[in-house]
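Labels for the chains are A, B and C, by order of writing; each one numbers its residues from 1.
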Amino acid sequence: MRALGRAAALVAAGATIAGCAGGPGGGGSGEKISDGKVVLAVLNDQSAIYADLSGKSSVTAVQMAVDDYKARYGGKAVVKDIEVVSADHQNKPEVANSKAQELYDRQKADVILDVPSSAAALAVAGVAKGKKKIFMDIGAATTELEGAQCNKYTFHYGYNTWMLAHGTGATVTEDGSKNWYIVYPDYAFGQDMQKNFTAAVKDAGGTVIQADPAPFPNDNFSTFLLKAPGLDPKPQVLGTMQAGGDLVNLVKQYNEYKLRDKGIGLAVGLMFITDIHSLGPDALAGTKFTDAWYWNATPENRAWADKFQAKAGKRPSFPNAANYSAATQYLEAVQRAGTDGADAVVGQLEGHTFEDVFAKNATIRAQDHLLTHDVSLAQVKPSSEVTEPWDYEKVLKPIPADKAFQPASPACKL
Amino acid sequence: MLQQAFNGLVGGAFYALLALGLAVIFGMLGVVNFAHGAFYMLGAFGSYILLDHFGVGFWAALVTVPLVLGLAGALLERLFVRRLAPLDPLYNFLFTFGLALILQDLVKREYGVQSQPYPRPEALAGTVDLGLFTYPAYQVFVLAVSLVVCGAVWVVLTRTRVGMIVRAATERPELTRALGIDVGRWVTPVFGFGIALAGLAGVLAAPMRAVNPLMGADLIITVFAVVVIGGLGSIFGSVAAGFAIGLVSALGNLYVPALSQTLVFILMAAVLLWRPAGLFGREESPS
Amino acid sequence: MIASRPAARPLLLATGLLLALALPWMVYPPVALDIACWALFAAALDLLLGFTGLLSFGHAAFWGTSAYVAGLIALRSGLPFPVAVLGGAASAALLALPIGYLSVRLRGIYFAMVTLAFAQMVYFVVNQWRGLTGGENGLQGVPRELFGLDLSDSFLFYYAGLPLVLLGFLAVWRIVRSPFGRVLASIRDNPARAQALGYPVDRYRLLAFVLSAALSGLAGGLFAVGHGFASLENVYWTTSGQVVMMVVLGGIGTLWGGVLGAALVVLLNDYLVTSGFEGIGIVTGAIFVIIVLVFRRGVWGTARDLVRPRSGGGRRDRPPGEADGTPARPQGVGSPV
């Protein structure tokens, strides 16, 4: 009993303290720049499966955005003092959750960037909503972020499952490969991709002959690869929704069974440039996929990629470029708003249209906070056409922003 | 269908090699090696490193990598495992668990988590006509190697003096010692051999599976289930269960995709219910 | 907790309670809740490992199942969160019945392997059963409120959840000191003798397994509600490994050691996350290796041995296999049953 009494007293005391220290989240009360500086926090996976794709190199990209902003505005910059901090969530949602709170509360972060993988991203979105601080997600693919779980302070930047599936499914079908056999990993991402992909293929006038769930993770895809040529009618394309190590497994075995020679092409739902590097371009030559951005697509991209390489020591992946762009657009919004108060910055971001090195024909949709921008259908080059390291892709055709992303979902109520 | 069954056997070839390694180590030392998956991963990475840094191809890797890993295993036994052997086997389990984490993250630090490229050997790039169907040559080769190795181990165990000592030490360690046989002399080589088998499985996996630091982590848990099904004390049981589980999961993928991942664990539960010692394990009263 | 000098016990208890109450003032409040939950989880595992002699390498199944069930109850029924957490603990106990029934027939190392395999099966089921669990997206948006009082502030939630953790500790403490606990210890030390004395050994082990699972569930449910979501990480084998590490680091069979181990591991992880060091597994793995090779009594056990001469300690405080300093190769090697 005595212990409980003491606990109650502590609770009361704690509440007072929290009330004083926390204050209202982002109203921008009085001072224009809270704490006299703007803090950009990159919270991503620096040690587990997404580390190579984004990780520390995205911290570099965000620092580049800060440097470019300072150079652009010089003495006219609203914020003089900008800090970039980062934390490694190890792809663990609980860690992402705790660290996000700490970044907002203790490190005074004004925006959290990146946060790959769905569970972690959705958890951080919840924190952002509670603390009324801005969160711009780049690394996660789930459409929940701009669907049922959207909120006023969360933005989804770069790509999502709908874009990946529709870009590839619709374009490849329109190009004449009507009959599909789909293999997808049996978990949330794969199931989403399969649904979206099938819808896209049908809309474009194609047929999905069969869609099979595969275990996840899985290292033996022979079952499905053996089955493919025997389906009736014979599929023209094998659409795989596998990602990462599973994708590598599947493609290695696809080549083992020589399905391309049997007239069954390969289309990939989600592929990053790092995956092509893993497999070697020849293993994937001719494979079509949707890419949000490619470093060697235009001279502008290339110039940025050169600058990035000088700092990070490697060619940028699209999440690197998207982090750069998100940080840039955040700072620009602060500049326009004249304050880093979250509500004012959200007001500046909503509905904003712009172009930068990552995003062309871009709009931050006011209804659901999804960034829509032009993406492209890409194809993997055979090694004979590769002229320099990481030069793996050929851009086949652009997919305009309004076709590339889904219409705003009625499930999202900001 | 036949083709699917064959493909199941190829998958089972990996389980069998890994389970066999676990079983001989367990038999001789009473140690369950959690780091077995990590050594499988090192086998695959070893081939990649040989190719990437030294231009040494698949065939040389097939011999050198298991050899090097086997020696590393022997060293490991001498330095650490031996010290913990007189204690509860849990300590060696925990030790190898820690070791697995270290090995995995060391490789991750050096090479990242992305899969590394490894080509298939040219000589095995084609397909083989097996009469009823044609099949990728490389996969036939994997199955053949696995069968030959498991068969050879079987012959050694049943036909040679070394094998008899190992079997005797496995089944009646005290009695074997009491008969004046120096069991200790064989512990280190057997441990090294078990690790070499894991390395061999890794080399075989490199051309057909994703080579990354995490490739062994989940696999080892499935192999544990395989070994429990076969009967941990039983070398023959481990190998047989390895191939059987490969077969069952391939057919499971085909007919009951919803269960394909849990199938092996359901089988394990069923076996435990029916024969707690595993299919080929010996029922024995505890004492 | 089982100090042989009774005078030391109230002092220890008071210190522990004070620390528990002061924790969110000393560390960041969400971290404080993590420490409290993991500490209870570690104590629950120690109940099985240290006091029953069974190493479960699959306790994530119970911690995680309860996380999901507690989350679902809070999310869908709107019941107060302690009810949801207790519901989660009950579900963990229920799950432990069949798993325990099959596993306790096996000894030593087999038990570890089989529990690990079953936990992996639970992981796959949770991952696939998306309609209920949200799959890899996790079960998001679990409310944190009690009778209309908003507890989403981590500082407040810590104090709201602490009574549940203390309740869990009280249960562990009572179990260990009960006649039932003494039977468990005798089974751990000499199963054949316990059997000969007429104790149904497997049934005692099963009951211990279920109790340990229920307490792990209590901790896991609170952890999930405290974070506001449940995720696959909760049921993954790394979680099982982490809790084993806490117990081993703190000292097997000491209860307090598990608490200390939990605090150390949580704080270490929290530090590593922002340290920029890639390779948390290297540190974690090295701790395992070092503890197993040179510090088998763990931090708490070693410290206590320094304070108290060795002869003073009871046999029950020794890690398995080292009873009375005589290296023992326990039954079960070479024969699984």
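The rule is short, and it goes like this: a contact is a pair of C-beta atoms (placed from the backbone, for glycine too) under 8 Å apart; a residue touches a chain by one contact, two chains touch by 3 or more.
None of the values given here were measured: they were computed from a predicted structure.
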item: Of A-B and A-C, pair with higher C-beta contact tally; value: A-C
item: Farthest-lying chain, centroid of Cα atoms versus that of subunit C; value: A
item: Whole-Å separation of chain centres (CA-atom averages), subunit B against subunit C; value: 31
item: Separation of subunit A from subunit B, taking each centre as the mean of its C-alpha atoms, in whole Å; value: 38
item: Junction residues of subunit C, two or more chains touched; value: 124, 128, 278-280
item: Residue list for subunit B, restricted to those that touch at least two other chains; value: 105, 108, 218, 258, 261
item: Subunit A residues counted as touching two or more neighbouring chains; value: 47, 51, 186, 215-216
item: Residue ranges of subunit A in contact with subunit C within the complex; value: 3-4, 6-7, 10-11, 14-15, 17-18, 22, 46-47, 51, 56, 86-90, 92-95, 97-99, 101-102, 106, 117-119, 122-123, 126, 130, 142, 144, 149, 186-189, 191, 215-216
item: Residues of subunit B that touch subunit C when the two form their complex; value: 27, 30, 32, 80, 83-84, 86-91, 93-95, 97-106, 108-109, 170-171, 173, 218, 221-222, 224-225, 227-228, 231-233, 258, 261-262, 265-266, 268-269, 272-273, 276-278, 281-287
item: Sites on subunit C touched by subunit A in the complex; value: 17, 21, 24, 28, 30-31, 34, 124, 127-128, 130, 134-138, 140-141, 152-156, 159-160, 162-163, 223, 227-229, 231-234, 269-270, 272-274, 276, 278-280
item: Subunit A-facing residues of subunit B, complex; value: 3-4, 7, 10-11, 105, 108, 112-117, 119-120, 127, 136, 138-139, 205, 207-210, 212, 214-215, 218-219, 249-250, 253-254, 257-258, 260-261
item: For the subunit A and subunit B complex, residues of the former touching the latter; value: 47-53, 186, 212-217, 219-220, 222-224, 226-227, 244-246, 248-249, 252-253, 255-258, 274-275, 277-280, 283
